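Chain lettering (A, B, C and D) follows the sequence in which the chains are written, and residue indices restart at 1 in each chain.
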Amino acid sequence: MIQVGIIGGAGYTAGELIRLLIHHREVKINFVYSTSNAGNKISDIHQDLIGEIDQKFSDKINTDVDVLFLCLGHGNSKTFLENNHFSSATKIIDLSNDFRLLNDRVFQGKEFVYGLPELNLEAIKTANYIANPGCFATTIQLALLPLAKHDLLQSDIHVNAVTGATGAGTSLSKTTHYTWRDNNFSYYKPFTHQHLGEINQSLTQLQTSFSNEVNFMPNRGNFSRGIFATAYSKFEGTLEEAKHIYLDFYKDAKFTFLSDVELHLKQVVNTNKCLVHLHKHNDKLLISSITDNLLKGASGQAIHNMNLMYGFEESEGLNLKATYF
Amino acid sequence: MIQVGIIGGAGYTAGELIRLLIHHREVKINFVYSTSNAGNKISDIHQDLIGEIDQKFSDKINTDVDVLFLCLGHGNSKTFLENNHFSSATKIIDLSNDFRLLNDRVFQGKEFVYGLPELNLEAIKTANYIANPGCFATTIQLALLPLAKHDLLQSDIHVNAVTGATGAGTSLSKTTHYTWRDNNFSYYKPFTHQHLGEINQSLTQLQTSFSNEVNFMPNRGNFSRGIFATAYSKFEGTLEEAKHIYLDFYKDAKFTFLSDVELHLKQVVNTNKCLVHLHKHNDKLLISSITDNLLKGASGQAIHNMNLMYGFEESEGLNLKATYF
Amino acid sequence: MIQVGIIGGAGYTAGELIRLLIHHREVKINFVYSTSNAGNKISDIHQDLIGEIDQKFSDKINTDVDVLFLCLGHGNSKTFLENNHFSSATKIIDLSNDFRLLNDRVFQGKEFVYGLPELNLEAIKTANYIANPGCFATTIQLALLPLAKHDLLQSDIHVNAVTGATGAGTSLSKTTHYTWRDNNFSYYKPFTHQHLGEINQSLTQLQTSFSNEVNFMPNRGNFSRGIFATAYSKFEGTLEEAKHIYLDFYKDAKFTFLSDVELHLKQVVNTNKCLVHLHKHNDKLLISSITDNLLKGASGQAIHNMNLMYGFEESEGLNLKATYF
Amino acid sequence: MIQVGIIGGAGYTAGELIRLLIHHREVKINFVYSTSNAGNKISDIHQDLIGEIDQKFSDKINTDVDVLFLCLGHGNSKTFLENNHFSSATKIIDLSNDFRLLNDRVFQGKEFVYGLPELNLEAIKTANYIANPGCFATTIQLALLPLAKHDLLQSDIHVNAVTGATGAGTSLSKTTHYTWRDNNFSYYKPFTHQHLGEINQSLTQLQTSFSNEVNFMPNRGNFSRGIFATAYSKFEGTLEEAKHIYLDFYKDAKFTFLSDVELHLKQVVNTNKCLVHLHKHNDKLLISSITDNLLKGASGQAIHNMNLMYGFEESEGLNLKATYF
């Protein structure tokens, strides 16, 4: 049993980590740090956990835990690590975007590995510090990486993706008010979403010549969880060739699968899976992909990374029942 | 054309008033008062009105308007009227609960009439000051008043009602966050909801002997608009007798109708109607009733009251298309 | 008062026509034809109309009505007109796609005009037969026509649009089952939706040289009403130039407006409006547009066409209150 | 590893059984019987299972399996067992209502035990045949049984409960059409729901003198999963006394817990838990309880029963992550 600590314990991703870790057979939650909730029971905030966990939030940090999960707002992980010093043996998995880009990968002498198992499996296994990918970034990369591996991204890419309200975090805002969001739809940050950095970086990692544009339109959907993404670009091969490329790329993947049938979001909601589907129309290949933004797009992937770092069974704690309906 | 002013213009009920009044053929909106939004276009806040209204919010009040609608939080109408003095010719329709109860009906020498047209039609026609009923109170009274008129409320009454998220107002709170409310359900204020005062008062107005208990369980539903209420009590007559009582009570009502078939909420959403249905089981009569909490339960009823006070056609501005699906 | 008949009265679009026409001051509903519901009250099917209409569905047709609305499934309007012969004075407004394309515009000697008022205003005013546009087609054309008018569609166009469940009609199917659709998202008919024919035809009407590709990705959203569309393409001018073009194109439009702020779907739900917003990013112009698929995208536009054909006030019967929340 | 078979494999409850059993460490799914889907992959119907199960539906039955789960429509289990004969060693867990009432408990010499673990723990452990309780019945009994055990149900009980659309089964119907159910609410079967039989029977099992009325109002909510129930009745003790009774009754329960704070439905959605909360108002005790209708109210409880019958760890396969948001 390894000991883990969670920083920023009242948010969505910390909550999901706790939900997953209480049933993980190799892990004990050592502390859940939340200054605003210190002394309160974890189940006072994450109220579905009543009857399952008696632990309380703490304002104390154990700097000797085996694994530290950082569930802080973007930009706050660096500050936290500057102000709190952990054992050199403590492995860190950061869920923010602080260490994802190449320029940010080394901090305090710690080398962070971009924790997308489908891309960096071997590097993750030996890593001590993980920059856990963003939710849109995960979903869109898993749609495009197989093509990049074969240098097949040869023209502009058009991506449209819709995310649930949990994507906006727990804070209250106009667009997460129920009366606004209910039966509504809107876009935001057209062509400029911050996850484009990660996406382009990973595509270039596999296809060094990649220089086309990823036109990314993010949307707010009127649901709570999940990301549905479509991407299309020119593709000269046949659908069968494309399927072969994807099946091969994901042949050892534990959570990413090619679907022969068209996708709908709820196939993956409340699971750590990503499903990908391919469709050819004239000279275009349409790739759709779906994930749960809080699991495969955040906390589930974080635990997957931990499992890989420790040599645990990859799916330990992640054999989740989809909500589906 | 009469001139009307609206106080508290950024909230739900003010927004609904504006939506209705811009198409009312006897009314001109003189000003919409909102200190926090003064100078902004009304359509910046009520964004469905783009293309329909150019007017701006004002921090000036015209104290000579013909009608003043008060859309303030409960408790704030009295304060507002203490600080702002209107022409003695200005009629006031207050949407808060400040003047609904008998003890609160006279204020600054103004006599407020409880503005439920199905109960107080003639008094409303000659009133200068209206206390507009609460949304739950409207819905539940319309289910029970016909029985009270005939002294037929002779045992305890069991009421269960569910309201949409607009019932909680525009302010951000945990239970109006989309991720909380989506696909969720809960109760609140069991047996003690503040509308019980109005309800008991009106029942006693018609059935002076009424002394039984109204057990009222309010619930939060995962929808934005509308109230679905069921009420049951002992009733010795037949279903036909009950129907006769209700049909007679509502024979001249412009917006309340008895339905022969079981109800579902969306029949009245985005309308000023109330539908009522009766069902007899053994010795119990079950009455269900549905309204849109922001229209028949607030702004629509306010305009209905204004129409009655001025002798306008009762349904002027209120022939609304249901959303239905 | 003109007399109108409605064919196919149990579906969504017929229901919306009835909801609108009962409050239209120039119209009387002469009959609503539905073989499957003949003899039943209209309010038995369209149950929000309880208290508002006593009329019954009929299996008789009055071939002398002034206006006939055809609300039949695609392909069935032609068959219906072959089997039923109306007065030569009867104007016909067909809501199916039977007469929208140039090759289908003349039938039985009747010349159908494509009923998009923003495109064909004068022709509609003198028309006797209207092919009412499709819902996606309306929304996407209103996003693109101003550019086409100025020959500014000079590269491929990328359109993503999401529609509510009413877009799929009243029939029961897997993807309209509540448990499937709730909190779900999916695409369908990628690049091949049948409305592309209308869209390309209208773009070519204004920009005869138009030969680029409209890449259209339709999606199923988990809401009931409305279409949210985004379209982008290369555009060399400035945002101000684009706004000028759109403002000019829509300067006389009664229901289509340019919004300075980003859109969200509920701004137009339950109205006959279309809102359009422009955004420039590098060399791309992003146009978003929103409509209610059953109103501006179907029955509301049909009544708008009727108003134009008869010289009624354009907005008669169409001053609708948005549901908004 | 025991071998299990599932009959009626395309419905909701069979789907949930499969989702749970593929991760159950003591069980192998031997066959999933569905005549209409025979030969198709299970993941073609339960499409969230892509990547997790390759098995196909079968029209063959293995009559030697260790456990048989019957997921047939009410009334069809008896017929099925008449036409198909299983090994005397095969344990049967029936999810229909065919064997729940005392008069139906013995069939073909098989004695069925009512499988509510909180009520019949010891009998379940030694049972070979289980009548799995209904979803409303489970939720309401867990609210009332602790009082019944102490003969404290001494006056009429008023129950209001709302269920999600999965409660209506997979078949298409008007009230499960998305456009009908979205943002809607309605009641059905007032005072006469078929689960009242089970409820009264269990209450009488613990409180033999019980003869009061359970007034049960079932409602259809606009969500997919879960039941939220409230029940109130006269109670002369204090809230503390009530809590003591409930805590004692559930002290060994693996899935039912008393909550100190008010409940909201999503605390248990996608879990096998039941949460119960108590509130005292004057002379009334209000008990609220929540379950997931397909898990604690169906398939999860069925597996719990299987675990008890075989002496497996009670929570094996049932440590489920709530969806929560």
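Simple rule for what comes next: a residue touches a chain if its C-beta (ideal position, glycine included) is under 8 Å from a C-beta of that chain, and two chains touch if they have at least 3 such contacts.
Nothing here was measured: the structure is a model prediction, and the numbers come from that model.
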Handout entry: Comparison of B-D and C-D by number of C-beta pairs in contact, larger one
Key = B-D
Completion exercise
Looking at Cα centroids only, farthest away from subunit A lies chain B
Fill in the blank from the handout: Rounded to the nearest Å, the gap separating the Cα centres of subunit A and subunit D is 34
Fill in the blank from the handout: Per the C-alpha means, the centres of subunit C and subunit D lie apart by a whole-Å value of 46
Exercise for the section: Would you mind pulling out the distance in Å between where the CA atoms of subunit B average out and where those of subunit D do? Expected result: 40
Exercise for the section: Two or more other chains in contact with one residue: find those residues in subunit A. Expected result: 12, 164, 166, 179-180, 182-183, 222-225, 264, 266, 269, 325
Practice task
Mind listing the subunit B positions that touch subunit C in their complex?
Solution key: 12, 15, 19-20, 23, 44, 46-51, 166, 182-183, 224-225, 255, 257, 259, 261, 264, 266-271, 273, 275, 319-325
Problem - Parts of subunit A lying in touch with subunit B, wherever the complex brings them together - result: 12, 164-166, 170, 172-173, 176-183, 222-224
Completion exercise
Given the complex, residues on subunit C that touch subunit A span 158, 160, 162, 164, 175, 179-180, 182-188, 190-192, 215, 217, 219, 221-226, 228, 230, 232, 262-266, 269, 279, 281-282, 284, 286, 288, 325
